[in-house]
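Both of the next two complexes hold subunit A, though its partner changes from subunit B to subunit C.
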Partner chain A sequence: MKPFIFIIIMTTVISGTIIVMTTSHWLMVWVGFEMNLLAIIPILMKKYNPRAMEAATKYFLTQATASMILMMGIIINLLHSGQWTVSKDLNPMASIMMTTALAMKLGLAPFHFWVPEVTQGISMSSGLILLTWQKIAPLSILYQISSTINPSLLLTMSIMSVMIGGWGGLNQTQLRKIMAYSSIAHMGWMTAIMMYNPTMMILNLTIYIIMTLTTFMLFMYNSTTTTLSLSQTWNKTPLITSLILVLMMSLGGLPPLSGFTPKWMIIQELTKNEMIMMPTLLAMTALLNLYFYMRLTYSTALTMFPSNNSMKMKWRFECTKKMTFLPPLIVMSTMMLPLTPMLSILD
Partner chain B sequence: MLKIIIPTAMLMPMMWLSKPNMIWINSTTYSLLISLVSLSYLNQPGDNSLNSSLLFFSDSLSAPLLVLTTWLLPLMLMASQSHLSKEILARKKLYITMLILLQLLLIMTFTATELIMFYILFEATLIPTLIIITRWGNQTERLNAGLYFLFYTLVGSLPLLVALLYIQNTMGTLNFLIIQYWAKPISTTWSNIFLWLACMMAFMVKMPLYGLHLWLPKAHVEAPIAGSMVLAAVLLKLGGYGMMRITILLNPTTSQMAYPFMMLSLWGMIMTSSICLRQTDLKSLIAYSSVSHMALVIVAVLIQTPWSYMGATALMIAHGLTSSMLFCLANSNYERVHSRTMILARGLQTILPLMAAWWLLASLANLALPPTINLVGELFVVVASFSWSNMTIILMGTNIIITALYSLYMLITTQRGKYTHHIKNINPSFTRENTLMTLHLLPLLLLSLNPKIVLGPIY
Partner chain C sequence: MMTYIVFILSTIFVVSFVSFSSKPSPIYGGFGLIVAGGIGCGIVLNFGGSFLGLMVFLIYLGGMLVVFGYTTAMATEPYPEAWTSNKAVLGMFITGVLAELLTACYILKEEEVEVVFKFNGAGDWVIYDTGDSGFFSEEAMGIAALYSYGTWLVVVTGWSLLIGVLVIMEVTRGN
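Our next item is the complex of A and B:
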């Protein structure tokens, strides 16, 4: 893609999300979402093949439907309150419609069916933008309306998401589908805490974005898309194998890595609000996620898959890929647990 | 406490920057020095604890376990030298790094005051152990073994996290120094029963309790020697230590909830001992004997009498040293014959007589011969459980007999009888191996002269 056109498109994507996050007029929220959607379609179709076009079409259809349902919710809110301001007192009917629409945009169950298929059809870097940047806008609207969301609706969706994210990823070998199911499960965790302490949702989002960014960059470093090709990493860059090991454990939420911080804080906030069975259920189902991350590390770092002799030479070559900011990202995705007391600045 | 933690953390850079022929020497020597420093913590005031800071403390229960942990690192390093000799330098250093990291996390676990910090470090010890078992084990089954180990422990310990956070909300703090004085009796409602279960299941899986012990034979057998040593000697004791700490918060529900677990332990003790009599695999036999001894510790902790707590602590230390020594002996066989089958390397007394002496002493310690602390522990636990219920003496007595049977079975099969013709040309015992056995056995024998160090806070 020519650089000039790429800059225009990325500017539109970024400004669309920023419009959604910062505006106080409900119509502008819808405008921001549409800008974001229309501009990201060419990014999804960077590789011009039928699979990418199918993925972009599916993404467009689901997101456009969700935008329309969001618009319906906005109009109902206008009807009942008489004004367009984004505020905390939302009509319950409008709140339900908006929650459903935003769940469709995020890929929460039962609206999660598009996430694996879209993520699989596009290139790694587009998948990265899809799973990290695109989550910011819907979650910011959910943050703003969090006090009026119907609890049973949101909690049902979040518990189902964590379960589906766990069980769905078990049979996958394609790395992009694995990351898609990981995204569904993490979205479930984020929306679970939305009603009690939305600040923890932002913490989870931040750490999730850092970890997913790092994971995608390590996968792009090796140009791998399947578990089988990832298993040859020990030939190319042995250091990356240990990093993938630590990163997968962090994604799975094992202490003492930073992926444990959001889970710990979310469980703490939920138990403070007298919910005991739900965090136990969420935590146990997250172990399914850990299982398929460990399967990745088994094939990558903990065993040495057979390879032919010409593959064994590859570590001698220098890497020419530009991996900007990778070392700080790795440190942030794995070693930030001791900084947990700093969370008091978020209040 | 920092005078132990920082040197242990600094062992890692020192080892990475050493010359290639000095990595073993440097790490073994300095870890022995650190264990010497940790001995000062055994000087405990009778009824209180030595509090270093708000984060770390050591009392008469954690000090012997701390000394055991620091004592074990040089022994693990000595035991691993042979099977790592053919690896490239970077992998040797990585292996030693895993051992040192595990040591660091274990030291912090045993001395943590805050129960959440204990939980985080308890889980953190899983990662280096998983890497040691799965990366450096020898057979294909090690992959399954690592998964079983990780997931059994995690499924047990996630409810513990929720329970600890709930207790923090009701009690205000989880600092052990405070809650030992603030703990109130809890009523026996259904939700408190679930709270009890959530708190205890993590440690039951770690001990392991008989029904949940499936990970242990896999993990012990497939791990390399250092992994087996640290698993048997220290990681199982994390479960016992955790149980003894957390039962303070759970009175008096324990006296009611303990029945199913007592039954499982008492029956499981005999079951696993009997399985030992039918084992062909040497490491598997020692692994099942670990389950059997730990079942005694579970019984002792659940009864909650002063004698049983003393017995549990003594038994944990004694079993740690004995089991680790047996694994080292099994490894010396494995390195010569490259098979764990017992009958393949039999009649070793005529070929390696000094090693036969160590086999004899280790087997005698395993079957709780007086005056070792193994006997002190078992005796205290048997007497305490007899006072809890008279009928347990039948099961305990049967267990002692079967323990003696399989220990002698192991001794006779490997040492006595005529040797096979294919082991005539094995290497003689190395000085390193004899040193290893001596360093295991000397603390065990010397502690029988002064067992009050290991008898815990109730003494």
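Our next item is the complex of A and C:
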């Protein structure tokens, strides 16, 4: 894609999300979502193979349907309240429709089927944008309507998402599908805490974006898309093997890494609201996530897979991929747990 | 009949939507869109929006649908599917029309109808009087407001249209 067009299209993707986040009129929310969707289609189709086109088509169809349901919710809210302001409380029927539409946009269960297929069909960098930037806009709208969301609906969807994200990722060897199921599970955690303390959702989103950004960048640096090629990392750049080890543990939510902070805070907030079974269920099904991260770690860092002699020479060649900002991201996604007491500024 | 004109037009509107939703070949779907556009113009006219109704004809039908018709004519197949040539399409069309007719009769008979939300019979579709809109037409004031208070909206919609063109070019480039 020519650089000029790429800049214009990325500007539109970014401004679509910013319009959704900062507007006070429901119609502009819908306009922002549609701008974002339209402009990201060529990004998804960077490579012109049928797989990428199929992925872009699937993404377009599901997101357009979700935008239509969102529009229906907006109109029903207009019918009952007579005004378009985002910050006012929603009519219950409109709230249910909007929650469903935003769940479709995020890839929460039972609307999660498009996430692995779309993520697998596109290139690594497009998958990175899909799983990190595209989550910001729907979560910001859920944040703004969080006081009027129907709890049973959202909590059902979030528990199902964590379970499906865990069990679905178990049988995968393709790294993009693994990250897609990881995204589904993390969205489940984020929406679980949405009604009780939306600030923890923002904390989880921030740390999730940092960790996912780092993971994708490490995979892109290695040019790997499968677990098998990841297992040859010890030949190519041995430093990355230890980085992937620490990063996968952080993604799985193990202390003393920073991936533990959001899970800890979420379980704390849920138990403050006297919910016992749900954080137990969430924590137990998050172990499934940890299992497939462990499997990646096992094949990458803990074992040295056999390779032929020419492969063993690969470390002599320097990788020319420019990964800006990767070292600070690695530090941020693994060592930020001691900063957790800073959350006390929220009180 | 003039009091019920919006209701009648809305029913025919839905039937024309059904006609292209039952998935005939695009050229016949385009015909359904033309009918839908004309009926939509009629509905807008009945609420006093004469300028916007004629804009529908001019821009939507005369601009966008003409381009759609030309591109469909370029990509047409030797035996296009009409509504009567294929049992599946005919079945979907009849199902849609039946559902619409049943809904319309239900609305006309009952006083209060609740499908997704409540509405009072045919009350919302009937125009009893022209209403008191003062000296200026509301629709003209709305269009004026778009270009004065709504500058940001014009910027966003203009940018989205430009991006629409650029995205279509980028997607169909093919190499």
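Following the convention adopted for this analysis, the second predicted complex is superposed on the first by the 343 of 347 C-alpha atoms of A that agree within 3 Å, B and C clash if a C-alpha of one lies under 4 Å from a C-alpha of the other, contacts with A are read in each partner's own complex, and residues count from 1 in each chain.
Criterion: a contact is a pair of C-beta atoms (placed from the backbone, for glycine too) under 8 Å apart; a residue touches a chain by one contact, two chains touch by 3 or more.
Just so we're clear, the structure is a prediction, and the values are computed from it rather than from any experiment.
A.B. asks: Scan A:S24 for contacts with subunit B and subunit C and give back first, second, both or neither.
C.D. replies: In the superposition, A:S24 touches no partner, neither subunit B nor subunit C.
A.B. asks: Looking at A:M45, would you say it contacts subunit B, subunit C, both, or neither? Reply first, second, both or neither.
C.D. replies: Second partner only, subunit C.
A.B. asks: With both complexes overlaid on chain A, does A:M284 touch subunit B (first), subunit C (second), both or neither?
C.D. replies: first
A.B. asks: Have a look at where A:I276 lands relative to subunit B and subunit C in the superposition and call it first, second, both or neither.
C.D. replies: It touches subunit B, and subunit C stays clear.
A.B. asks: Is A:F260 touching anything from subunit B or subunit C once the two structures are fitted on A? First, second, both or neither.
C.D. replies: first
A.B. asks: Would you tell me the residues on subunit A in contact with subunit B in one complex that are also in contact with subunit C in the other?
C.D. replies: none
A.B. asks: Along subunit A, where are the residues that touch subunit C in the complex?
C.D. replies: Answer in residue numbers: 1, 5, 8-9, 12, 15, 19, 28, 31, 34-35, 38-39, 41-42, 45, 48, 56, 76, 79-80, 93.
A.B. asks: Under the stated contact criterion, what part of subunit A meets subunit B in this complex?
C.D. replies: Its residues touching subunit B are 245, 249, 254-256, 260, 264, 267-268, 271-272, 276, 279-280, 283-284, 287, 290-291, 294, 298, 301-303, 337.
A.B. asks: What part of subunit C is in contact with subunit A in the complex they form?
C.D. replies: Touching subunit A from subunit C are residues 116-117, 153, 156-157, 159-160, 163-164, 166-167, 170-171, 174-175.
A.B. asks: Report the residues of subunit B in contact with subunit A in the complex, numbered from low to high.
C.D. replies: 105, 119-121, 123-124, 126-127, 131, 134-135, 143, 146-147, 150-151, 154-155, 158-159, 161-162, 165-166, 169, 191, 198
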